[in-house]
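For reference, the structure is listed below as structure tokens.
Order as written gives the chain letters A, B, C, D and E; numbering starts at 1 within each chain.
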Amino acid sequence: GSDEPGTTASASPAASSAASSSALTVFAAASLTETFTELGKTFEAANPGVKVTFNFGSSATLAQQITQGAPADVFAAASPATMKTVTDASMAAAPTTFVRNKLEIAVPPDNPAKVDELKDLADAKVKVALCAEQVPCGAAAIKALDAAGLKVTPVTLEQDVKATLTKVELGEVDAALVYKTDVLSAGGKVTGIDFPEADKAINDYPIAPLSKAPAPDLAKKFVDLVLSQQGKDVLVKAGFEAA
Amino acid sequence: MSGSEQDPGNGRPRLEAHLVVERPRFRLDVELAADAGQVIALLGPNGAGKTTALRALAGLTPLSGGHITLDGRALNSVPVERRPIGVVFQDYLLFPHLSALDNVAFGPRCQGASKHEARRTAGAWLERVGLAEHAAARPRQLSGGQAQRVALARALAVEPRLLLLDEPLAALDAHTRLEIRSRLRRHLGDFDGATILVTHDPLDAMVLADHLVVIENGAVVQQGPPAEVARRPRTDYVARLVGLNLYRGAADEQQVTVGDVIFSVTERIHGPVFIAFPPSAVALFRTRPDGTPRNLWQAAIEGIERHGDNVRVHLEGPIAAAADITPAAVADLDLTAGQQVWAAVKATETHAYPA
Amino acid sequence: MLLAVLGMAFLVLPLAGLLVRAPWSTMPERLAEPQVLEALRLSLVTATIATAVCLVLGVPLAWLLARVSFPGRRLVRALVTIPLVLPPVVGGVALLLVLGRRGLIGQWLESAFGFSLPFTTAGVVVAEAFVAMPFLVISVEGALRAADLRYEEAAATLGASRWVVFRRVTMPLIAPGIVAGAVLCWARALGEFGATITFAGNFPGRTQTMPLAVYLALETEPDAAIVLSLLLLLVSVAILAGLRDRWVTSA
Amino acid sequence: MLLAVLGMAFLVLPLAGLLVRAPWSTMPERLAEPQVLEALRLSLVTATIATAVCLVLGVPLAWLLARVSFPGRRLVRALVTIPLVLPPVVGGVALLLVLGRRGLIGQWLESAFGFSLPFTTAGVVVAEAFVAMPFLVISVEGALRAADLRYEEAAATLGASRWVVFRRVTMPLIAPGIVAGAVLCWARALGEFGATITFAGNFPGRTQTMPLAVYLALETEPDAAIVLSLLLLLVSVAILAGLRDRWVTSA
Amino acid sequence: MSGSEQDPGNGRPRLEAHLVVERPRFRLDVELAADAGQVIALLGPNGAGKTTALRALAGLTPLSGGHITLDGRALNSVPVERRPIGVVFQDYLLFPHLSALDNVAFGPRCQGASKHEARRTAGAWLERVGLAEHAAARPRQLSGGQAQRVALARALAVEPRLLLLDEPLAALDAHTRLEIRSRLRRHLGDFDGATILVTHDPLDAMVLADHLVVIENGAVVQQGPPAEVARRPRTDYVARLVGLNLYRGAADEQQVTVGDVIFSVTERIHGPVFIAFPPSAVALFRTRPDGTPRNLWQAAIEGIERHGDNVRVHLEGPIAAAADITPAAVADLDLTAGQQVWAAVKATETHAYPA
């Protein structure tokens, strides 16, 4: 399918970027919405005439789209596993981890179950929400709990970290394991509690330019921006840990 | 309402209604009364308001005015389902999803009978209308006449105090009609409630009803016992219905003037009158017959049609009239449309009565 | 005719896509996993109960909208479509705000009965019913409006109360419409994902229905997700093909 | 009656929850963002076009299912419910597998016409139509089955071809059912999320409809998500309340 | 099919049909033929299969066997909408969503007329059936009779070659019926196609039809010109229809034996015969009248009902019969149900013909 670049000038955003090399399409995990939007503006400012278009969604969905031939230049995933499906399909090579995300215990501001540390979650009376093991935050949670030698029975295994966070915000659960970035973005609606085992359960965010990118130069430039100090600053400000 | 009516006890009407229904381009305003066990036939041309009156009695069409009293109880504000009525609709309205039997059993069920009981009652009613073997058929599988008989059974099965029948016999064939008519009569005889029967068939009305009410254009134009109405029609519609020629004229001692034509009559009467005579009383002549100038007029033939064994000749002229003559006479006179003829009526066959 | 076939193709072709893509070789073992059957059972049970709930609440509501004239009926009718338009995840949040532990009503439920809907199978039913009910209500209302009122009048003259008229005349007459609505409702409940996971959470055996399992499978093994989806489809199509004509023609 | 009110409450109360929770103070500025209006416009436009597409393809299909007897009709009828039962995200994947650049048909579309559906506004319409069409088909089929065939017979004796019968007799007779189906279809298309984001992506101004904007807002600012949802609801309820009675009563 | 029929040219029937329809518990098997311009009346009791026959001709009910040929062309496999027919259905089936005018304009529109043209045609037809002022009304706003007249206009407006009428006059009141009947006659007179008319009303049949076909239980039991059928009924149903008492007996030179009763007749005839006489020819006596034992039998009164101006007495006994007598006679004889009477018939009023 890569044999005829530029035939579809108006059919898709990526195609038009192919024609002029003035458009860049970035597929990024939804948790990167705010930081990448900001970086996009920076990128546009640095490259006049270039329009950055984002497609935010679940990493898995984005990976599906890319393997089905979506016209994307850059893929930034929220987990190595989803990036792997893309690299396995030879749609990208050599992804780089650009940030990491660390777990925190999130509790409602009034902390009804009086949770202080990770082992409090093992108490049967504490309602706990975790991410499902299939999604990165769930995998991380399992790693953390294993490291602490705890057996926690959650009331729910959420499909993504935001859903987990929502349960805490609304007081449906007494505690949840979520990313630090999420606690931060929730403002005052939840309280984050650091715990030592979190260091054993860090999730990497990989980024890679795509091999069939309509605008390979811009793709590379954008990845560079994300990896640069400037990019790191934006991400760290949002609660990510530098890779 | 008031317990102290002039006529207490036996003569107390079962049904007393004044029905007013307003519609764009139509207004119904009729009074109806029916004694216990009486059958009132409501006659009238298409669009006269018969169905509307029936629906108003049933509570299906709200009254714009008037009142309905049944057995001394005001029905106006009683909801349809609490009115002790049975209705046969002009287009049957059998429930398409129920068998004939279950259609008939519907009413008894609603009155609290057990399923088994209701079906037994229904079976008996289907038997009575001669449809026992179609008990299991759905309405779509019934012929028009069969459907109407099921509708009849359905209405009767609730043992109503007021029975409302909108052309209950219209779709029946001559034989079944005769049978169902007699059965209906028998049932109506046993029935101690009031019955309102809408029909177009004068014979049905004559046979079944104790009292006729003729409405035209939403208003009562004539009422009375069938024989009286049949003998003394007061409107063209009624006259045609009972098969008479009818005119309005001025009487002066055995002589009635209708336009240019003068009739001799047997009655001694004065003032405005109706005069009526049957088409069979009209004789036709090609040339002016000798004799008195009375009861004689010149007319043009408007049309000729077979009518039973005879031929009916429609006449235009100073007065419009129908004449029934034998086919032989048609041949003898060599009648054709447009032709001029003389028409005469025997004085003994006319009947004059105050208008 | 051509259009009908085109329409059919449009609906069915994507299935072909899934079938082509499905990993047939590993299919049996994937389906043998106990969690899969559990999720399937839970889906079928909750969707069926949710449909029943919708019938009980929705048919009267449809009747009210179609037959009783009251001020604000237009608005109420439009409000009924809320759960349709609301993105399901937001619907789930809304349900939490009302029926959750700290919700308007949930708070009271919990303190009075010590009973909380979220994270329970009952919660799944509630979420599914919330999302699926408009389908039933709107279909049934349409059927009611198209029905001939005169049969209801005839029933009333036979002494049937409004309720009896409804049950014994109106309902059978509009049975095809009710069946259509129930099918829509059931299918929608069966496929419901967003509101369920948000309101009831996702716990195998208790609240994890097939769509939830599919979604999570999609995160890691898209092929497994396709297998699960095909299973869900197969079962629902089989059930519908088996039941529907019977209902429809008996009506 | 009680049940109807209960049903109504069940559908409407969650809205109350949202209203209570909504951040009224910051509402105006949030709504003033150009992206919001763009997403709203896109939602309305695509949902309406999708409904039109569904009408064109779905009504004939419903007619085929209700009126023409052919082998396998039961199966086809059940297959129509596929997009209902399929989790929308999987539906989106299925669409990609068929209509994507590398899909069964998409491949050919691209090489023949240089035209590719995914990630375009047309793709949004396709995704919405795919998900919403069953609602139309099933509602209309229910209405067709409940309609009295004898009117169609009468029309045929007057010389009307099947098509004329359909257009001038059947359609007007089942208009309430078609309206109900179209309402369901439109509302479902308006609220569609999973298939759209998967098949058409999430590009502001081109494929980002309101539910997608809500999704992203949920990721970043849950309150904004509620505001957007309320906006979507308000607009759709207003449109439906404004239009529907007119259609329904003119039928 | 074969162009070389025995009877070429003018006598060639327009319609020739052999209709076989099988249903559970019912089988229709009738042959019908109609010449150009002829009107065939299909009579029969409820459930005889009249509507089924009409539907089969229209193509709405598939034939299980037989064939239909119209103007020499086989219609069997022509789809309904291509058959040059017009149908009035027993329950009208007016399109509820169209006005009366648009209902009538529907057919012309389907035949390719412009909207304007079709409406003009429709307007003219509504005029002809006297409903011009109801042109804008929806069917629900029409009374039963008005609806049927619209249905009539709708069927006629397509100018069909074969006109199928299922009780076209049943819901019309006496006056309108007379008018519409004459108009229908006139139209049928102009009409060069064939007409099949289902009716229960013998008068309609007599006035409108050139040929009667009586079916019972799905089979033709009698057919012929109206006068012939009226004079010589061959089944009880037909006899009741035309108002005659009918018996089957054995004739031997001016004497017919029916069971135990012997009738004198005026015809010279032998072998199995029918004998018919009108109820009005029956005289009743309380005691055995003197004279010949012929035409006399003893009977029990089964029922009495009013019948027009007269009273109809139903008799049981060796032969069942109806007698029409005057109300005065009823009073004189003091008749009640169950009573034994003697019945006599004048020989000149009987009519015997081969069975």
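Please note the rule applied: contacts are C-beta pairs under 8 Å (C-beta built on N, C-alpha and C of every residue); 3 or more make two chains touch, one makes a residue touch a chain.
Please read these numbers as outputs of a predicted model, since none were measured by experiment.
Listed by label, the chains that touch chain A and also chain B are C.
Of all chain pairs, the one linked by the largest number of contacting C-beta pairs is C-D. Centroid distances from chain B, each centroid being the mean of CA atoms, peak for A. Set against the C-alpha centre of chain E, every other chain centre is closer than that of A.
The distance from the centre of chain C to the centre of chain E, each centre being the mean of the chain's C-alpha atoms, comes to 56 Å.
Between the CA-based centres of chain A and chain E the separation comes to 86 Å, rounded to the whole angstrom. If each chain is reduced to the centroid of its CA atoms, chain B and chain E end up 22 Å from each other.
Centre-to-centre spacing of chain A and chain D amounts to 31 Å, using the average Cα coordinate of each chain. Along chain A, residues 61, 64, 166 each make contact with two or more other chains.
Residues of chain B in contact with two or more other chains: none. Residues of chain C in contact with at least two other chains: 89, 93, 96-97, 103, 173, 175, 215, 218, 222, 251.
Chain pairs that touch one another, listed by label: A-C, A-D, B-C, B-E, C-D, D-E. Taken in their complex, chain E has these residues touching chain B: 43-48, 50-51, 90-91, 142-146, 149, 166-167, 170-178, 181-182, 185, 200, 202-203, 206-207, 226, 230, 236-237, 240-241, 303, 305-309. Here chain A touches chain D in the complex through residues 1, 4, 7-8, 11-15, 30-31, 33-34, 53-57, 61, 64-65, 68-71, 162, 166, 169, 185-186, going by the rule given at the top. Residues 1, 3-4, 6-8, 10-18, 20-21, 56-58, 60-61, 63-64, 74-91, 93-98, 103-105, 129-130, 133-135, 137-139, 141-143, 145-147, 173-181, 183-184, 187-188, 190-191, 193-194, 210-211, 214-215, 218, 222, 225-226, 229, 232-233, 236-238, 240-241, 244-245, 248, 251 of chain C are the ones touching chain D in the complex.
The touching residues of chain D, counted against chain E in their complex, run 150-151, 153-162, 164-165, 168-169, 172-173, 175, 251. Every residue of chain D that touches chain A in the complex is listed here, in rising order: 89, 92-93, 96-97, 100-103, 107, 110, 114-116, 118-120, 197-198, 201-204, 206, 215-216, 218-222.
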